[in-house]
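Okay, got some structures for you below.
Presented sequentially are two complexes of chain A, the first with chain B as partner and the second with chain C.
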Partner chain A sequence: MSEIDPETSAPESPEEAAQSGTLAASIALKQRAGGLVVPVLTALLAFMIGGLVVLATGHNPLLAYRDIFNGAGLNWVFHPTTSVVNTSAYNLSQTLLQTTTLILCGLAVAFAFRCGMFNIGGQGQYFVGLYVANWLGVSFAGMSPLPHILLAVGGATLAGALWAGIAGFLKATVGAHEVISTIMLNWIAIWLGEWLFGDGGPLQNTANKTVPISGDVADSAKLPVFWGEKELQGLHVGFFVAIAALVVFWAILNRTTLGYEVRAVGFNPEAAAYGGINVPKNLMRAMAISGAFAGLAGGLDMLGYLYHFGVSDIPANSVGFLGIAVALLGRNTAVGTGLGALLFGALLFGTTHGLSSNVIAPELAGNLTYIIQGLIVLFVGADVLILYIWNTRRKLKPRARARATEAAA
Partner chain B sequence: MLEMKGIRKEFPGTVANDDVDLDIRRGEVHALLGENGAGKSTLMNILYGLYRRDAGEILLHGKPVDFGSARDSIESGIGMVHQHFMLIPVMTVAENIVLGMEPRDGILLDERGAERRVRELSEQFGLLVDPTLLVSDITVGQEQRVEILKALYRGADVLILDEPTAVLTPQEANELFGIIRSLKADGKSIIFISHKLNEVLEIADRITVLRRGRKIETVPREGATEASLARAMVGREVLLQVEKSPAQPGDVLLKVESLHVTDDRGIPKVRGLSFDVRAGEIVGIAGVDGNGQTELIEAITGLRKAGSGSIEVAGRELHHASARQMLDAGVGHIPEDRQRRGLVLEFSIAENIALHDYAKPPDARWGWLFPDRMIDRARRLIKEFDVRGGGPLSRAGGLSGGNQQKLVVAREISRDPKVLIAAQPTRGLDVGAIEYLHRRIVTERDEGRAVLLISLELEEILSLSDRILVIYEGEIVGEHTGEVSEQEIGLEMLGGKEKTAA
Partner chain C sequence: MSEWAGRLDNPLSARLRDPGFTGYAGLVLGVFAAFLAIPPIEARTTTWPIVVGIVAVALGIWTVTRGRQRLGWGAVVSGLLGIGLGILATRSGTSNLEAVFNASLVAQTFAFSTPLVFGAIAGMFSERSGVVNIGLEGMMLMGAFWGVYGADKGGSWVVGLIVGMATGGVLALVYAYFAIHLRADQIVGGTAVNFLALGITGYFFFQLYHGQYVRTGVSTIPNVNIPFVKDWKFLGPAVGGLNLMIWLSFVLVIVSYVVLFKTPIGLRIRACGEHPRAADTVGINVYLVRYGAVVLSGLLAAAGGVYLSDGFAGGTFNDNMTEGRGFIALAAMIFGNWRPAGAFGAAVLFGLSSAVALRLQVYSASASTLFNVLPYVLTLIAVAGVIGRTVAPAADGKPYVRQ
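Up next is the complex of A and B:
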């Protein structure tokens, strides 16, 4: 038997993946084949096509991207300052605020993915986290800050876990597909919010009963802001929680028996069962942990800068869905999700606040984010195509060489 | 009529073919023999235009040719039937065969004409298959015939068959050999890729042996023996017979009593089956596929809920135990399908070694993993079991079949099981790996383990087992110790004895 066997390793690997059959297995396969190249290409391609759209409107795409870059505050690195009076510093703090949410929503998708499941329900899990944090933050107003924050954040996390856990339970017991059940749970969460904050709803504010908005969380439950002002939507300590969550995500997957089980089930449930792993239990647990990340995101947003939430805010919010793009672009890894969240955070804030109207029409600017987001999701879904282009490029090289030697002979 | 000269092909890190010569005559069956990874498929993919050679030339009827794609080679009369068929299940046999070269009636497919053409071809070569059936409704053996017909329809004079018997039952394989003979009589040349010695000796006119990408020899069938071919393939003397001393059975370690098991659809597959396996003996279960072997193994290993009856491991009643409980009770299991069940192909070798014990010290404590310890253990086992092709952190899926199996065996045996269940332990492996595994199984028997061997290959059962049980429709219909003929067991496998008794 040869050392590395090209007959069985290279051409047959897609088959192996098909045999083990799971989403996670095929993703891992592509990851090996494409490494860092594919996600970077994916993003670049999306930006290029987004640029073409800008060009089609008669504007200069390079100027537009420069403005987005500055608008996201990324030019801060050229003249760092901690004073948010400075525009770039303020912009960056807002970008990082978005990044915080996106990291956690991305992890919510990535964790389930590593167990072979597609959690489309990040949005709903985020919402229930938001609701519970609002409820706990508005009530218990007399508590001292630290316990109050811990209670509200913990409650939000648990709510997200339970919400996703429903889908996990259905998957493990009756085999209901998680994509379907999480989508349905999203809708339940949306209408739950309409009822909670709507006229006469249990979480509607007490001051003005005609406005369908929740009450403000008590000061004792508000997260400390370390960059900027609370009143001006400064960057709160939740940012560090999100960074810590990335580390926790990595450690759970790679350094705990729980993570080992999750990955084994994700790659090959049959082999996992053979190894003595309880597969249904793991499906449920992985879904719950996924939901916990999204619920935490909702909790931190509520206590960090939103403080209240209204019926009209519900349809406008789509960070949970953006988490899917973040995780896919980040290849469901901790580092990748962090970088993906930063990219989308910058896009979100940069396009809505940074573009000068002489470069690009403001009404078009915000949609540019969605165009790029859509393209990235499309390309990640179709990364087989990008891999194909990449591989033919590699294959062409030895071909050209063979032709050269033939010509020489 | 067809010559390949000095073919060389490199892949990153390996030379798959190095200065290989091959000549094919008109109307001959030419076997290409070699272990997995010897470069057989690579060579054929070059001939078929799927890979580009790095050096060398191909002559067809004395003229140099250069196939840039499979289309070129098909036009030159070369057809290939791959190991994995490429048929469209929702289309009929005839539609699949004419696909891409359809006879037309105006702008429509001439369905009748296609069927007639296919029928003619299939009668001409004795490839009986109904052209009007959907491919999803035909057997694997028939699918293979459709693939052969597809190549013939495209005017193939040289037909490459890549491990054609790997997916067939012995009976279907015999039929295939009949087809090959009639193709040969019609002047077609057949390149028959295989690593099975007996098949090659049965069907081939000449045999070319490849080893590690190089051509070792081309010999006529006359004068070739299994031993001589095995030596050429592996590069050393190979023991085709298993050497073992008489068994010294000890205590009963596995006891199964009137066990009933049903399959996924609730159909009873194991029906009141009883047997036991003692320490230091190999008990072989012979039977035709689908007679309850899979369900029996799954019940004993806790992977399937058993019905009534009892399973005892070393005197402990473990009926209805989970897979984890069975593992902890000392049942080792070399599963039937190493890629589907035995390994997580995406995991590293070290992670696969830890598949049963990842949650126990030293691999883990309080739920925290210690990868370094897993790697240490893997390094030790890789050495002890001679797993080649990667280190502890290499992906298990990247190993060759034989090394993957060694990895599974290493893991199971290193757990020091009382009972070792080996299901089809040598399926798809080449001579060298089979020799190793058979020796290892006998060694483990001598260590005092109770070995239960389940195999569809009667030869393997006969050469390894100390005691043979024959399973038929979920019941044990025969038990043999000592000498017994293949015919006798073969008859029982088909339920013969039951009928004569009735």
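Up next is the complex of A and C:
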């Protein structure tokens, strides 16, 4: 099973098919053999270049990274405690809160990738999930907690699925490129939010009509918090939902007919069609499932810790886009996405609210996250670069072995 | 197919009988019907919009019966919308109308459309050569920040323009290396470019300016005040004092049309985008052409960014200043079917909707949002193939492997 997007590297002639086929196959083989090596190398390289930028602007990169590490609460492992009065424990709980969102946004990108599509619209699907969860969470205030939560989470998931489903439908029926349609749907979702929560919008709070913010989710729809306090943005049970989603993602892809068909279409749509698989149906299904993950992320965020959302929060939010980096770094696998989400969750919180540092200001560090994110995505996308790194590693090995035998002799 | 065969037989007479003409005329008349009711013409009766709208609908129906279904129905819809909007406009107060639709709306439309024109033309060059450019947003953002930085430190907007464009070009060069030489997925690479630009500009904006406003009195791109025109009744405020970059964007559209369709260079660019192997066979250096086109794309998109910060915003910058304009530019390029005139038309249409949205904010927030979202909805409809199918260059987004 190749991890690269087969559509964009689709061969245009038989000769090239043979060539790129071997390329894709060899990358797949090396990825299986390489395991963690390539993503780890990529991340290290990105952190190194990011460090050079920090160095060039007169800050100590090592101290900066140390502070970010502590800001993300990762130093918690040295003195674990579950009391969030402890700074590192609190920071870690916040990092895991971000990780929850990023796991699901990453899965949204990864699932579409496995079907040969690039779902760049995770942000829009996340937003519609957020909106619907807010709507369902604010209305129906009289319901008992469990049905209310299930209704709101289910609604959010469905909304994400439908939003992505538009792109899937257009791709399957008229062949509209999913990248273009999901980008457009992102912006439509953003403006939808501005309208919904803006002055006079249907979801604006009823208490103060001059503030463009939504109403607060009713208590019955708020997710239980298991680490920390609800008022202090504690870690909610959605974290376990995200972990479960990783398992579901793996199980759907590897243990169901649907997953088999999705992967077959992703690997080679023509061969899949020849083998009797309904390609348009699978494109739509894959896109809808992909959107469901992102919508679920939005729903969990709204019911888990945001509770309300304002017009000014919309441009500040880019978790859907971060999902792209998470999925790519995780090579579109369940485990990889989980680890990638943890890395970016730590970066996201550790460089902003968690950061207390006299080496680097949070404003700088926050932008450093974008730089590192960009570099990771840039490097991960380059198949040839990865191959090159792999080959030099392989070439270096015998040389090192030869040197060792020389030294021994 | 028979339609095309007929055209081949006698190209001249076929073109004269082309129902496309009536279709487009219907589209334009539909817009005109709505336009009649608003300043400067401002007909206060419903008669004129209805009459012109009906003519548009008639032309549309005629076009449909002659086989151009999509275009014809487009003209019908345009006519009906024109009638509807025209009637609505005559119902609303004259003072409100004049506050929204006046001569400066034209100026504002061009002010909003100029970054989009630069971006769309930039994207067109890149994609015509076969490299998808999702990174327009990032390149534009680089131009926006480094342009105003150059104007501040260099003391002149000329320096700002050069510095801004150069940074966009450098970012495009990095992207080109990954997309062309390393054969990275171009969508992934473009996404990376956007993140990188967001991080770099945000980082250095805080490092160099502490995230505050750039000092006042930065040399900005001047307006072109045309002596005689400036005093005219409607044209004066509309086009008498437009920014230099706005005029340059008009020039750019014409130049890019000539370059792309009338010169050997343009033929090479298009050949690389349609069939790189064939281009390579006749001795065109596909890699070189693609590098050139992508870097040019970066330069132009960044020029749009420089206009945004050092022209439109009067020498200021703020985090993520482009706010998705690169993506609207991408949409304009697609909506304009990868052609200079089409991209320009779409950019002006999208600029108009932004300008109207800004003016409507005072009266109705929801109507304002509707106009803001219009470019994206229209593009979504366009890629769905409802109004005329958009056709990307054949090899767009496919890395080329030299043999």
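We adopt the following convention: the second predicted complex is superposed on the first by the 349 of 409 C-alpha atoms of A that agree within 3 Å, B and C clash if a C-alpha of one lies under 4 Å from a C-alpha of the other, contacts with A are read in each partner's own complex, and residues count from 1 in each chain.
Definition applied: contacts are C-beta pairs under 8 Å (C-beta built on N, C-alpha and C of every residue); 3 or more make two chains touch, one makes a residue touch a chain.
Just so we're clear, the structure is a prediction, and the values are computed from it rather than from any experiment.
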With both complexes overlaid on chain A, does A:Ala325 touch chain B (first), chain C (second), both or neither? second
Figure out whether A:Val377 sits in contact with chain B (first) or chain C (second), or with both, or with neither. second
Which holds for A:Glu194: it touches chain B only (first), chain C only (second), both, or neither? second
Tell me the contact category for A:Leu232 with respect to chain B and chain C: first, second, both or neither. neither
Across chain A, the partner (chain B or chain C) reaching more residues is C
Please work out whether A:Pro315 is in contact with chain B alone, chain C alone, both, or neither, and reply first, second, both or neither. second
Between chain B (first) and chain C (second), which, if any, makes contact with A:Ala273: first, second, both or neither? first
Shared contact residues on chain A - chain B and chain C: 4-5, 8-10, 13, 15-16, 19-20
Using the touch rule from the top, collect the residues of chain A that touch chain C in their complex. 4-5, 8-10, 12-13, 15-16, 19-20, 53, 57, 118, 120, 170, 174, 176-177, 179-181, 183-185, 187-188, 190-192, 194-195, 198-201, 315, 321, 324-325, 328, 361, 363-364, 366-378, 380-385
Per the contact definition, I'd like the list of chain B residues that touch chain A in the complex. 11, 13-14, 16, 35-42, 52-55, 84, 212-213, 301, 303, 322-324, 327, 333, 335, 339-347, 351, 354-356, 358-359, 364, 367-369, 371, 388-389, 395, 397-403, 430, 432-433
Listed in rising order, chain A residues that touch chain B in their complex are 1-10, 13, 15-17, 19-20, 24-25, 28-29, 32, 254-261, 263-264, 267-268, 270-276, 278, 398-399, 402, 405
In the complex of these two chains, what residues of chain C are touching chain A? 134, 174, 178, 181-189, 191-200, 202-204, 206-207, 211, 277, 320, 323-324, 327, 330-331, 334, 365-366, 369-370, 372-373, 376-377, 379-380, 383-385, 392, 395, 397-399, 401, 403
